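Consider the two complexes below, in which subunit A is the common component and subunit B and subunit C are the respective partners.
Now for the complex of A and B:
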C-alpha cells in the first residue's frame, strides 16, 4: 500500500506517517480538536452568568457598587423546568427571564438590555427569541432523555461525580455528573466527553441497559 | 428486580387478517410516525419505495364472485432471523426484548440483510431523505431520520416502547397491557393489528395467539416470527390453520 508513496521519496513516507499518527492520536484521545471547529464552549448572544444565578458561594465578580456578590443558589430546575419530567432540560423562554429582569439588574447593564429588548420591555421591535447556541450536543442518532437519569442519580447520590459547588444531592447536584460544576462557569462549557464510551461505562456500572436499542432508534 | 425492567418483555404482534379491511390506515400512520420519506411515483417505479408496513391484496375467484383478501405485512421480528447472521457489522441483531433491532449508526449499507429477508420488509435508503418544506417541521423528534446508505425497517415503534417503559418506571408500576401501541395498531380502525407482551400470559396478544386460526408467514423457513397471523374466516368454505398458512 505504501509502495507508490515510497517511490516519491522519504518526504512522502513522513507525510503519510504524520497523517496516520494524527488519526491515531485524535482517535485515542477521543476528544474533538478545538482547532477543527469543535469547540467545547461558545460565545452566547447574551453573556449569561450561571455563577450569579446558580452558585452557592461568594463570587469573584464584584458588583458595580463595589460590594462582593454571593451566588443566588437557584436550583437548576428553576429555569430548566422540564429536566425532571421530559427528554429535554428546556431553555426558559425570554418572558421567563424578564419576569425577574424587568425589575432586577442595573439599567445600564448592556447584556440585560439585550434581554429586555428581546422581551419587548425596551425597544419597539416586538418580542424575539434569544438564539442561544447549544453547547452539549449529541448526534442525531442518539435518543437521550434527561428524566430517568435525573431520577436515578437523585435516588443514588453515591453515583454522582463532580459536584455543584460541593452539593451532590437533589436536582441541582446530580446534573454535575455530566455537565460539571456549571454553577462555577461564567460561560458554560462541555467538561465531559459525552461520547458513547462514557455513556456505556456508566450504564454498565449502574446496571442500566447496554442494548443498542436503549439509545439508538 | 425493578418494575418495567429492560428485557423482561417479549414484544409481539397478532394480526387478525379476518378483521383487516385493507384501508391502509396503518401504512399512513407508519409513514408519519417513523419519518419515512414520501414515496414518489419515480421511487415506486424503480422499486425503491420505503414502506415499513404494507397491505398486500389478493383476488380470489373470478369476477362476479371475486373476493379481495388483505394481509398487512411488516417486519416479522423473527426469533431466528435470516437478516441477522449476514450482517458483517452487527448492525441488526435480536435484543432481549424479542425485537429485531436495526442500529442505524452501525449500518454500512451492504444490503445483505435485505437480500436475506424472505418477507421483503427491509428497505435501503438510496437517497438522502427530503420532505417538502411544508412537512419539514412535522418530523417525529423521537425517531432518527435515516440518511443515505442506511438500511431501515419496522422497529415495532421502539420509541413508543421506551416512552411507556420510562413512564411506568417513573410511576413505579409495570407497563399495563395495551399501554404500548405501535403507530399501526393505534391507527387500525378494526383492531386487526394488536401489539403487546408475549411474556405475559394474561396479555391480550398472548390470549389471541392461542386461537386455532393462528399461523406465521412462510412457516417453512423456520424463522419463528414474533408477528402471529390469525387466518381469514370464510363463511363459504372451511379454512383450517394449515390451509391458511399456504395463503400469501
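Now for the complex of A and C:
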C-alpha cells in the first residue's frame, strides 16, 4: 500500500496521512473508545434534569424558595413508555411533558418556557417537535432491541450492574446496567462503552446468543 | 518547498479528494437527533375523555348524569344537560358517590356464614348460587324481598321475583314518604308525586321539606330555584320548619312552628286569605269542600298560640301568598312525620286549591304514569305499621328467606322493633351490597353488588318534570382492576341480573335485554325525544342522551279531600327518662350522607353541613339562648334519651333552631359501613319511638320527645365555621356610582382614581412624578 502512496511524492504522503488521521479522529468522535475516558454528553435544546424526575434522593440543588428538593422518583417507563415492549425506549412527545408542565413549574422558568412554547401553550408560532441530541448511539450495523434486555434483567435482578438513585424495582431498576445512574445525572452522559466487547461479554455471561446474526442482521 | 504549476494542481486535486472523503466519514447530523414528536400516540394518555350518560341509581330521585371516563376509569359525575330533571346541574353527592366504586372496603367476593354465630367466609359465585337456590327451595309463600323504594326495571324485577315465590316485595325507607304519597293522592288525586313550577311562581310557600338540600328532587328544584330568583323581583319564598335548613336559610321569610303544627299553620294562612277576601269565592268554595268543616272555626290568634308563630308573620305570609301569584304551596319531610302527618300535608297541599295553583303555570304540575308497562313510576317505603307486622312474622319463624338490597334495615329501624333478634329467626338472610353494612352482620349469604356505574337499568324520576321520562342506566365502566393488579376490586354482579339468573326466566334473561326491549317498545310508540329509523338506532340514541322523554304526555289531577282523622299531634313521653331537660327531637336528612347511604364515602363525610359547617360526626342543633340558660356549650357531649334508647351527640348551640327543639342529622352511627363510617357518630334512628301517622301507619319520625342531659365531657365539634379568625379583607374598588350626565366610563375612571389615591397619594395621581 505504501508504494503507490510514496510514488505520489512528499506532499501526497502528507495529504493521505492527513485524510487517514481525519478519518480516525472522526471515527473516534463518532464512536469513542475509552482510551482517554469519554463521558460523552451534549447540550440539549432543553436542560432536562433527570435528577428531579427520576431520583429518589435529596438533590444537590435547592428550589427557588431555598427549600431542599427530593426527586420525584418516577419510573423510567413513565416517559420511556415503549422500553418494555419495543426496540426503542421511546422519547416522550411534547404533549406528554406538557400534560404536567402546563401547570407545574414556575412561569418564569426559561427551560420550561421552551417546552411550553413547543407545546403551543405559550407563543403563537404553533406546536413544534423538540430535537434532542442522542447520547447513546450504536452503529448502524447493530440491531439493538430494548424489550428482551429489559425483560431478562427484570427477571434476573442479580445481573443488573451499576446502582441507581431512582426506582430499583421493576423495569426501571435495570436501565442502569447500560445507562448508568441516570437518576443522578443533571445532564445525561454515556458511562458504559457500549462496544461490541461489552455486548459479547454480557451475552456470554448470561447465556445469550453470541453468533454474529444475533445483532448484525 | 518549491512548487511548480503541475505539482500545485495535483496537490489541490488531492486535497479536494481528501476533503470529500473526510466529509463522507463524518456522522450526518440526523444520526445524532432523536425527536420528541408534538402529539401523543393513540395508546397514551391523551387528556381526552369519554362521557357516558346514565342515571344516578339509588342516590337521587332519578337524576340523569354524565360520567367522565378516562382509560376505562370513571373520574367525575356531572349533571346531564339534556336530562329534563338535572338540566346539567349537580350536587356534591354526585362527586362523593364515585368513591363507592373504588372504595377500599368493597366486598370482593360472595361470602357465606356457615352458622348464625359464625364468621363470613369467601366462597365462589357457583357456591353462592347453589346456596341461593337452596334458600329458595322452601321459600314458597315464605319469601320477602326487601329493597329501597325502586322504580324502573329493578323495581319490576324485584316484585316479579317475589311474586314467583308467592312472597312479598317490601320497600324500606327510613325517612318514610308514605304520608306524602297519601296526601298527594287524597288531595290531588295523583299516584305519582307532582312537581312544582317554582321557576314561574311569584311566591313559594313550603313546609318542613328541605327541597333545596335533600327533599324530593333537590337538583331539579335547585335549577328551578335559580330561575325563580332570576325573575325581576327575585320572587318571594316562605319556608316553615322548626330548624333552619338550607331551604329555610334561603327563604325570605322563615317561620319556625312547633313541630307537628304545620297543618294548623296552613289552615291559619288559609283563614287569613279567606277572611281578607284575597281570593275568588269559587276558590274558597273548592278549598272548603276539600277541608271537612272548612276553616270557619279557625282564628288567627288560636293558630298563633298553637304553632308558636307570631300572628303578624302568619298574616304577612298569607297576604304575600295570596296576592303575589302565581303561588305554590307544598310540604313534606318533618311536616309529615307526625301522628297527624296526613292532616298536616293535606292542609298544606289544599292551599293550592285556594290560590288556583293546581295544574297552572307557577303552581303544581302533576306527573303522568309510567311509559313502560309493568315498570313502576312511583315508589315509596312500606309503612312502619306494615314493617312491624312483617318483622313479627320473621320473629315467629314464618319467613324462610329474606333477600335484602339497598336497605340497611338494622341501621334504619328504631330499636323498638328489635330487628336484630328478628333476623336471627330467619333461616336464610341474603344481603346484596357493595360495602358491608350493619344488616350484613346478620346475613347468612353476602353477595357483592355492582354499583349503578357498572350495571344496566332504567330510572323513572320521582318527582318527574311534569311529563313522561324514562332515564337509562348503563354500565359506564367495566369491572375495576385492583391497585396491585392482582385481580378485580370486586367480583360483583348486578342485583337484577342475579335475581333473573335465579328466576324461572319468564320475565327476562338479564337487565340489559330488559332495558333494550323496553327501549325497543318505546321506539314502536313513535313518540318522544328520540326518533330513529330502527329500534337499535333508537336504543343507542336514548342511551347516548341518558333516556327518553315525551313532553306531550302529561299528568292530570282530580281534587279530593284532606284526611282529618287526627288534627292534633301526639308526642312520646319523657316522664320515665331520668334527669335532664325535655326537647322535641327533629331528625333531619344529612345534606351529604343522606340517611346514611353515602356514609361510606369520605368525600360525603367531609362535606360540611350547609348550616353548621360540621362534618364527620353527629351533632345536635340547639337554640343558643336556651343553651346558655342550660349551661350547654359547643362541643358538650349530650346524652339524648328517649323511651327507645340513648345516644351521645355533640352540642351545637345555634340561633336557627326553635327553642325546645333539638335537631340531629341522620346517617351516622354505623357499626359497619367501611372504614370511613364505622363507629362514627350516633344513629338517631335507633332512638325514635314507634309513634305512627294515624292515616297511613307511617313512622312519625319527628314525633319523638327526648330528655337531654350533659354527659360531663366535651369534644371539639369538627367544623369549618369559626376555625379561622375573621380578618378584614383588602380594600376593594368601591361600588360604581354613576352621576347625572356621567357615562359609566367617566364614573369608572373617577372611582378608580379615588381607589388609587389610597395607595398613590394626590401627588402621583396628578401625574407630578419626580
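Note that in this section the second predicted complex is superposed on the first by the 175 of 217 C-alpha atoms of A that agree within 3 Å, B and C clash if a C-alpha of one lies under 4 Å from a C-alpha of the other, contacts with A are read in each partner's own complex, and residues count from 1 in each chain.
What we mean here is this: a residue touches a chain if its C-beta (ideal position, glycine included) is under 8 Å from a C-beta of that chain, and two chains touch if they have at least 3 such contacts.
Only a predicted model underlies this, so the values are computations on that prediction, with no experimental measurement involved.
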item: Partner chain(s) touched by A:11 [first = subunit B, second = subunit C, both, neither]; value: second
item: Touching partner for A:78 - first (subunit B), second (subunit C), both, neither; value: neither
item: Touched partner set for A:119, first subunit B, second subunit C, both or neither; value: second
item: Partner chain in contact with A:141 - subunit B first, subunit C second, else both or neither; value: first
item: First, second, both or neither for A:216, with subunit B first and subunit C second; value: first
item: Subunit B versus subunit C, judged by how many residues of subunit A each one touches; value: C
item: Residues of subunit C that touch subunit A when the two form their complex; value: 1, 7, 10-11, 14-15, 18, 21-22, 25-27, 31-41, 44-47
item: Of subunit A, residues touching subunit B in the complex; value: 139-141, 143, 145, 147-148, 151, 208-209, 211-214, 216-217
item: Partner subunit A, residues of subunit B touching it in the complex; value: 6-7, 93, 95-97, 99, 101, 103-106, 142-145, 155, 158-159, 162, 166, 169-170
item: Touching residues (chain side subunit A, partner subunit C) in the complex; value: 8-12, 15-16, 18-19, 22-23, 26-27, 30, 42, 81, 91-97, 99, 118-119, 127-134, 137
